[in-house]
Each structure stands twice: as structure tokens, then as C-alpha cells.
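Dropping the structures in below, format is C-alpha cells.
Here come two complexes built around chain A, the first alongside chain B, the second alongside chain C.
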Partner chain A sequence: MSRQITAWLQAAPMALVMVGFLVAPIVMIVIVSFWGATEYSIYPAFQFDNYQFLFGSPVTYAVFLNTFKYAAITWALTLLIGFTVAYFLAFEVRTLKWQIALFLLCTIPFWTSNIIRMISWIPFLGRNGLANSTLISWGVIDEPLEWLLFSDFSVILAFVHLYTLFMVVPIFNSMMRIDRALIEAARDNGASAAQTLRHVIIPLCKPGIMIGTIFVTTLVMGDFITVRFMSGSQRANVGRLISNDISLLQYPSASATAVVLLCTVLIVIALLLRLVDIRKEL
Partner chain B sequence: MTTISKVRYSRRSLLKSGAAAVAASALPAPMVWGQETKNITLRQFGTGVSNLNEVATKVKEDLGITLEMTALDTDSVTQRAATQPDSFDIADIEYFVCKKVWPTGNLQAMDASRIANYDKIVGIFRNGKLTPDSTIAQGTAPHTVGFVEGPAGKEFVDNESGWMTLIPTIYNADTLGIRPDLIGRPIESWAELLNPEFKGKASILDISSIGIMDMAMVCEAMGEIQYGDKGNMTREEIDKTFAIFTAAKQNGQFRAFWKTFDESVNLMASGEVVIQSMWSPAITAVRSRGIPCVYQPLKEGYRSWGGGIGLSTSLSGMELDAAYEYINWYLSGWVGGFLMRQGYYSAVPETSKEFMSENEWGYWFEGKEATGDITSPFGDKLAGAGETRDGGSFEDRMGAVACWNSVMEENQYMVRKWNEFLAA
Partner chain C sequence: MTKNADLELVALTKRYSGTVAVDAIAHHFKAGVYACLLGPSGCGKSSTLRMIAGHETVSDGSILLGGKDVSHLPPAKRGTAMMFQSYALFPHLSVRDNVGFSLRMAGTDKVTRDRRADEMLELVEMTALADRKPDQLSGGQQQRVALARALITRPQVLLLDEPLSALDPFLRIRMRAELKRLQRELGISFIHVTHGQDEALALADEIIVMNDARIEQAGPARDVFNAPKTAFVARFMGGHNVLDLPQGKVALRSDQMIVMPAKAGRVDGRITGVEYQGTHVALTAQIAGSQDVTALIPEAQFFETPKAPGEVIGLGWDDIAAHPLAS
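Take a look at the complex of A and B:
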């Protein structure tokens, strides 16, 4: 058997899996997005109605904007928290044993379902919840804070809670690969801690930050359940548009929205990858 | 499909063992049939309202049929009935959903002559009239989608043709639920839902087909819109309705929208919301936690709904017989009593009476003062002696129905507007 055939055969299983479970469903979604729907069925067609309705409605733009807003704010907060946690684990904790122990500690909440982790905020943040009653008993506020729950605040809080670990892990991984001699060299050359951070650590952490960024933005942009529960269905992102369409049996319209969302996310990722060449850095 | 193969498999494995083979061949056919009903599994799905494990346990006990229940929200129920015909044997759906599901051909018409208590089913489900002189409310009234012309009928007919689309099981008259302790004044109109006094403390349900009706009741009560037929709005009426509610939403009138029964209970019990669309057992659930909650009768009347059981087209033979047996059992009273003690009505109230105490019957059905504690089937105390049911008797409540849950001709347009409303 020639080497070329062997190579093809070796690549085939993975390629088949990808074609069957990734490419084919996406192709189906694109096809269905041109179909038409009645109240209870969908019929094959080639029409632009779904896209026309989507781009013709001001609500669509508002919702996309809102989706970006959630993604941007969540990204900034998870990056800040995730970087700090990873820095602490990688540079402040000295022994490997403790590093592993503390790292595992970070993952413990993730042993439960993320729906549970999200919903448990609801009684905590509610009008008569723990947060409000504590603040009132401390005399900080007189009236319960309404914006704690069913607001953008609660949605972003839940996102940050759910997704920070996705930032911690890749950044921590990058930090652990940094040669400690580089940091010593920086100090020997008179760099302050801040300068070391800015000129040595952050550049070397870029691949980790980028991977974390891709995780967080795609997760937030594709989410619908967090937004539904934490905003009490009062706010919307693109995922909710799609899920509402599906629950109302409007599959073609849902597909069209999904296609537009997919393109948007791909563009965002393409832009991110231009900033850092992950392949080279890894 | 799977159940049939299961039965066959068990018969075959029975035949394999020698002694059983002799017995099976020697026994007359009916005995074999009797043996096999015990093995029949019927897969039923519906909303959490009537898909109760207690019913499955009891039917196993009484008939030996295994009932596999799946509880879903209203939209998912429609979705499954319309798109996954092989995933169920029995669909427990609402009458208005029937309008969407029937054209798909996923359900088969039922022979009314095989329903023992057919003549005792209340008039609402047969000719639309509670009493001979009642008027029929707006919307998709159950009798308008209750019959088709024959076993394979595709069109609904307006008479009792003897071929039913659904067998009515439960129904109720819905209104707004309130927290009297947090409101502290009488509430008499649907218009109160958008009263700025309750800013940030109101809620409606996020199920388009039902929510739009609640919205219409509110807009009409406010005097903002006069509908030709709330159950079949024009595009202009839909636009106007959403304009009013979108403005209210943007002003922060609503605390949250709810989609499932449990969400509505939690919103009310936690005090997040003091006035909202609600379903009767949700009120019961709030009250059983010791929190005051009233199912407030309103002067404009009720928004009503009815549910029924439909049979999958793929049911046949022994399993179809078992399904009829199950339906007859369903209407024979035990389930009715069980549901009525939660605040619903049974399609055949007189059979349910035998499964309720005189006090319970008086409280739930006749609107009389309770003579002793009223407890739910789950043992929680719902009312004490001297209390009466919100809204009064069966005739008072079901007689004041202003509209039925519906599917309108402009449904698709409404759905899109609904989606916009959620995102607005």
C-alpha cells in the first residue's frame, strides 16, 4: 500500500465523524433556513422570507447588539478574574502539590449541573432573598434592590460565575509553561513586578488568553437558557430568538437566525485568530 | 411500536419454555389476550397539569396497563404531537392544540360508541353549551374541534358525529392570581395587570397562544381595544395589543415571564410578583405553603381551556383496545375526583362525585362553604371550614367564560410578534 493511501485511511475515521456530525448538520440547517413553514409543518422551498423577516426587523439588530454586549462584558470580567486566579496559582503558590489541590478546588462547583448553579442565584438575589435581607439588616439599603434579579446584572453575574473557569484553565496552562528563568532575568535586569507582568508574562500568556476568550465568547453568544432564567424572560439574546422559534415550531426561521449567528461567531473568531497565531504559540 | 415488539418478544420467550408452550396452546384465546394486556405499555405525554404519577400507579393497579408519562410545557407538547408521531401512543393535549395537530394526521378519530360515559360528558364538549341557554364564548371552543366526520376524517364538523378527536379529560376557567396580603385592596378587573401601581410586580405567561388571550382580556378591560373575536384577531388587533404590552414591558411593568407551572408558583410564593396570569393548581400550590393567594374572579369573565386525550394513528389492535379501556377508566371517576380536588373540573363530574366526600364536592363543585378542612390529594391543607372556593360554583365559573384558548388564522404572524415582544 502506498504511503498516500495509508495517510488517507488514517485520516478517514476522524474526517467521517466530522462530516457526519458537524458538516452534515450545518448543511441541513443552511438548507432548512430557506424553507417555508406553516403552523405545524415545514415544506421545502427556496425563498428568502426568513432572512428578509430577520433583517427587516429592528428587534433583530437590538438582540444582536445585546448578545455582543453580554459577550463583551462577560469576557472582560472573566478575563480579569481568570487571569488573577491563574496568576495566583502559577506564581504565588510555590509547591506543585498545593497548585494541584487549589486548582481542583476551583473545579469543584463544576461537578454540579450548570443549570443548578445558575438557578441557585434566583432565591439568593430575589426581592426577599438573602442578599437583600442581609443588606437591609446591615442598614446599607432601606428598600430591596430590584435590579439584583431578572436584570442584565443577574444575567452577567451568572455568565461570569459559569464561565470563569474556562478562562482560568488555559491561562494557568500557559503560565505553567513559562520558563521561570525568564522572570528571574527580568528581575535581574531591574524590571519592576508590573513591568515583568506587562512585558514578560502577558505576552507569553497570549495563547491561553486567546483560547479562553474563544471559549467564553462562543459560550455566551450561543447561550439561551441562562438569559431566559436569569432575566425572567425579560431580556433576549440571539439564542433565545432561536429557542423561541423552535418552541413555536418555526424551524426555518430558527435556522436562518442560527446561520446568521454562526457567521457572526465565525467572523469574531477569525478576527481573534488574526491577533494571535495559536498554532505557532502552542 | 416498541411496545408491540416487546409483547411479541415476551410471547415468544414464553413459548420457548416447554411447560408454558403447552399451556399457551391449550388455553383459549381470550385468556392469552388477558395475559397480554398486563404487559401493555402505553406512552402518554402532556403538560404537567394532568401527567401525574398517581394516575399511572392507579391505572396499573386497576387495569394492569403500564402508563409511561412524560410531562412537557405547552409548546413542547404541541411540538411533539405535530412532529414526533411515533414517540407516543396517547397525547394529552389541549383542544386548541388540536387545530394545529389534527391536520398532520398524527392522531386517529375515536369511536364515541366505545366510550361508556359518552352521554354524561358535559355539554361544553358536545354542543358547546353548558346549559341549554348559555352563549358560546369567543375563541377555539372545544366542541368546534371535538368532532370529525368519520374514522379518517380530516375536517372538523359542528355536530356530534360520533367520531371524536379528543376525549375531554379536564378543563378549567382561568383568571389572574393575586397576593391579597401584598396588594391590600380589591381587584376586580383584568386591567389591573397593567396598573402602574404594580410596576415590577406583575407577570404574564410566556406561552404565546395563551398569553395573547390574557393580553386581549387586559386590553379590552382597559377599553383600549374592541376585538371582533379575541380568539381570531386581525393583524391590526394583534399589532395594537403588542404595542400596549411592549410599552408596559419597557416601562418595567413585568418582573418576569413564566413558562412552566413551577415558575409561576415560585414567582408568587417568593413575593417577586403580586399579580399575574396563573393556573388553578398553582394557586393551590402557593396556598399549601401557607401563603395567601387568591384566584381572583374578574368582572370581564374567565379565559377557559380544556384538555383531552388523543390516540396516535399508529395505535392498533390490542393496544388500541387497551387505550379505549384506559379512556373509559379515565372517565369512570377516580381521576376526575383526583383532579377536582386540585381545582380542575372533570369532563364527567357525576362519576367523580363518588370519589369525593360530600364536603369536597360541595366546596369544589357547588361553591358551598367547606364544612371541614379541604386537603389536596397530596395531603396539604388548602382551606378550612367556612371558606368558599374563589369564583363560586361550577356554573358560576364555567358560565362566565369570556373566551377559550385559541389558535387564530393569523397565528404565524402573532407568533412572530410574540417573539419580538419577548426580545423588545
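Take a look at the complex of A and C:
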């Protein structure tokens, strides 16, 4: 009996933190999502108006589709870049000292805030920005490129810039766990470099790829500020839908959208976890 | 096998920035030999093996297999196969896919490679576990799989890097009998790196003792043990006394020492230890120049005239038992 009490006491602090900071807010959001709202007030109720409106509006589907598009393209690009960087760090850099040094170098941009890193793209990509003026002076283009800034291109560029490291770290971690004798064994069995990559390294990196995928998709799907800044408020994703509702004090409607987004992300993660078992990596 | 599969090392050298790991060694391995590269850690035996396998570049000299220079060929093109110390089985592949890996890389179709993999698994008696993953196997079973994976490429020379060091002592003795059986059945050369002299004696037709990047002595197991040429070999092989006598250094097998009354032998010594070892009793004595000598006496003979520490005894030996040592 006393042992049971001790166990409960030991689990209590963590449980309290989780209940207070995770479960309670989500429960609150779910409750508010059933409330009603007028132009100037919100009132407690249990009605499905918010969800009805959400699922009845074609805007919702377009915005969700756009969110998935951003997530998918960002995922593909961060995976490609992240895998390459991790591969270079893990297999091409020979000494541990250099591996650590270069790895830290990758993290240096993270010493500044997200917003600053985003905004710093604007003078570079703008109509009269560095990229356009350089291309014009080289004679590559005659007119400034309009799609460089405030477009899907700039949004995805910023996402890739912000989140590639979240792909590099878990993949690098997976790669460092690969016994180097396996690479030699593959070579001994006649595998070319490409075959070793395909049949040995990528299968053994799957858990790292999966963890990076979860990081990047959840970050991109939950984002609103990057889309707002980099598209000059011309593009929308679900996060912006919620943030707009909040700025209009439409909390019940924002909550309903948030609940749907949360469920969507959870379904995506559940599907990903069915593909690869990441338990042994944790 | 034909004489073509002889393996020859010519002035083979490996330098790592500043240090020499293998210093211009030369050796001729006859086809179908079971050879052991024996030496303490850091003596260059593993570097030598890895150069033969092609996993380490050759700094100087060459490796000839069947009269063809293979020094700069990729590992899979040499006619060698390597069995790694930790077995290096692919953890994400089943036993059958591990064994068939090289065929898959070569583009063999699945039916053929599964059939050949199953044949190899039968050879090492692992057919029943073909669908398991490596982490579901014991150390001995993993070793059999690694062996099958190396042999499926039909190598002329199999290279084994400390293959038994990861096993417990009981399994080690069983697996070493099995290695020997396989080598005899297949008739190909095995080159086996080890730091255990008992392992080398039990397995090898030919022992190559290495020390400090050079070959100290090479020859049939019995010759190396019975007639060590240097003090290093005598000490490393064990079972020998190395004595500094007026006529020079000699190696004397402990079990060929004859214990007799004081003044009757060639040297006198005071007993410092008596150790009962079952079949034998090991007497340790200190002789002039505070050199320790061990005499191994059959236990029945010892208990006829028991000795105690502190007693002075005489030690003798036949001339033929004393092997003069170089330096």
C-alpha cells in the first residue's frame, strides 16, 4: 500500500504539469469550440454552429489544402537537404572534432529569433532587392522577378530555411549509430556507393527520417507567422485562419478550427507512425 | 583448388601519418592453407588483413592473389571475402537476406539468390533460423550467418578478423572446431587474425607471429611452438622459459625441464612457488641473476618427491631441448 502511495507521489509532479499545461488548455479549447458568438460577445452554449460553418465553407477546404501543400513541399525539400547535410557530417567528415564543430555551425542561425531570420529575406528577395538587382546586372533577366517575394516561393523558402535543422539532427543521430563495419561489409559484398546508400544507410536512417518528418510537418502545419510575413498576407493556411478569428475576437470559431487542425495533425502522425517503428530510437 | 589461389605479400607496407603499422612484410600463403596471423594488439596483424581485404589502402608493396596483383582492386573484385570481428550483419535484413546480400548487389534474381542463400545456410546449419533478424540470434548463430554471407561469394581466400573474440570460452572452442571443419570441406585458404596463441595452435597449419609491424617468425604451428627463433616468440607462445645463459639466450619448454637434487643439474634455483594444476604441477624457481624459471612436472612424479617453497633444487635439460634465440 505504502509503495503504491510512493509511486503516485513520484508520478504526481509530472502529471500535474501535464494536466495543467497540456490537458486543461486542450479541454478548454474543445469546450469553447461549442460556444456561440455574436459580433460583440461570446456566450456559453453547446451547439455545432462553428463546426457547421467551418465544414460548410469552401474557404476551409482551400486553406487546409494549401496547408498540406506547404507541409508536403517543405517536407520534401528539408528531407533532401537535411539528409545530404547529415550524410556529409556523419560519413564524409572523418574526425569527431570536425563533426562537432560543423554541427555547431549549423545551429548558429538558431541563436537569432525566427522572425529576424524571416525578415532578413525580405531585402534580399524584394522587387529591388539583392537577388533581382544581381540577376539584372548579370543580364539573366530584364525585368525584376515578381514571384521572389510575397509568394508561395518565399513562404516555402523561409520554411525550409527555418526547419531544415529539425531534419538534420535526428537523421544525423541515426547515422552516427550505424556501425561503420556495416558500410565495409556492404563494400566487401560488392555494393557500390549508391547501393550502400539505398540498401544499408537509408533503411537504417528510417527512424531518424520519421522523427524529422514529424517535427517538420507539425511545425509547418501549425505555423501562421511565417505565412503572414513571407506572403505579405496574400496566402493563407490554417494557422492564419485561426489567428484572424482571434484578432476579430471570434474565439469559438477559432477554437473549432484549432480542434480540427489538431485532429488532422494527430491523424497524420498516427499514419506516419504506422510506417516506421521509432520506439527503439527514443 | 589449384595452385593459382596462392596469396603472396610483397614488401607490403602500411603507413599512417607518421607511424608505420606494417613494415614491408613478405609472406607466401599456399592455396588451401589455414593460416593464423598472431600477435599482440597493435602489432599490425589487423592492418595486414584489412589491406588484403581491400578495406585499407596499401601504402607500398603489393598483394598477389593467384599471380595477379590485386593491391588496388575494390574488395569484391579480389576473390577475397572478409568476416568482421563484430560480424557486421545488417540489422534490418533477415538472415536469408543478409546471406544473399552480395547476390542482390550483383543483380541476381530473388529466386536464385534465396536458393543459394539457403544452400549456404545449410552448410552452416542455420536453415531453421533463416527468417529471423540478427538481433534475435545468439553470438554463435550470428557468427555462422556472417560466415555464410562471406562464403556465398565463393572466395578463394576467407579473411577472418578475430572471429572468436566475441564468444564465451565454451562456444569459442566449439566454433573453432567448426571453422576448421569448414575450411577442410571447402578447401579454400583461411587467414585468421587472433591474439590468442591457443587458438592459433589449435587451428593453424601455419602460424605467422607478428610484432612491431614485422613478421617475427612464420612456419608450421609445431615448428613455431617448439623452436621459437626470438625471445618475443618464445614468451608470446607461452610454455617456455627464456634464460640468459653464458652461451647466450635460449628458450626451454617448461615441460622439458628436469628437476633434480641441488648441484646435480646445470643450474641451481630456490623454489618460490608450487602450483597444482591437475595433470601437472608448476614449480617456479629463482636461479642466478634473479631469473624466474618454471618447470612443469607430471603430478604423479612430483608427489613421489614433493618439494616446498624455499628448497634449493637443481634444474637440467637435454641439449636438444634448448633453442638458441636471436638477440
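Throughout what follows, the second predicted complex is superposed on the first by the 275 of 282 C-alpha atoms of A that agree within 3 Å, B and C clash if a C-alpha of one lies under 4 Å from a C-alpha of the other, contacts with A are read in each partner's own complex, and residues count from 1 in each chain.
Quick note on the criterion: a residue touches a chain if its C-beta (ideal position, glycine included) is under 8 Å from a C-beta of that chain, and two chains touch if they have at least 3 such contacts.
On a predicted model such as this, the values are computed, not experimentally measured, just so you know.
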Checklist entry - Counting only touches as set out at the top, which of chain B and chain C does A:Leu182 meet: first, second, both, neither? => result second
Checklist entry - Is the number of chain A residues in contact higher for chain B or for chain C? => result B
Checklist entry - Regarding the shared-chain residue A:Val216, is it in contact with chain B (first), chain C (second), both, or neither? => result neither
Next on the checklist: Quick check for you: in the superposed arrangement, does A:Ile201 touch first (chain B), second (chain C), both or neither?
Outcome noted: neither
Checklist entry - Regarding the shared-chain residue A:Gly232, is it in contact with chain B (first), chain C (second), both, or neither? => result first
Checklist entry - Where does A:Val160 make contact in the superposed view: on chain B (first), on chain C (second), on both, or on neither? => result neither
Next on the checklist: Quick check on the complex: what are the chain A residues that touch chain C?
Outcome noted: 179, 181-182, 184-192, 195, 199-200, 203-204
Next on the checklist: If we count contacts the way the header does, which residues on chain C are in touch with chain A in the complex?
Outcome noted: 53-55, 74-76, 81-82, 84-86, 88-92, 101-102, 104-106, 149-150, 153
Next on the checklist: With touch defined as at the start, can you tell me which chain A residues reach chain B in the complex?
Outcome noted: 37-41, 53, 57, 59, 62-63, 122-123, 126-129, 146, 149-150, 231-234, 236, 240-241, 244-250, 253
Checklist outcome for this item: chain B contacts chain A in the complex at 73, 75-76, 78-79, 82-83, 100-101, 103-104, 200, 203, 206, 208, 249, 254-259, 266-267, 270-272, 407, 411-412, 415-416, 418-420, 422-424
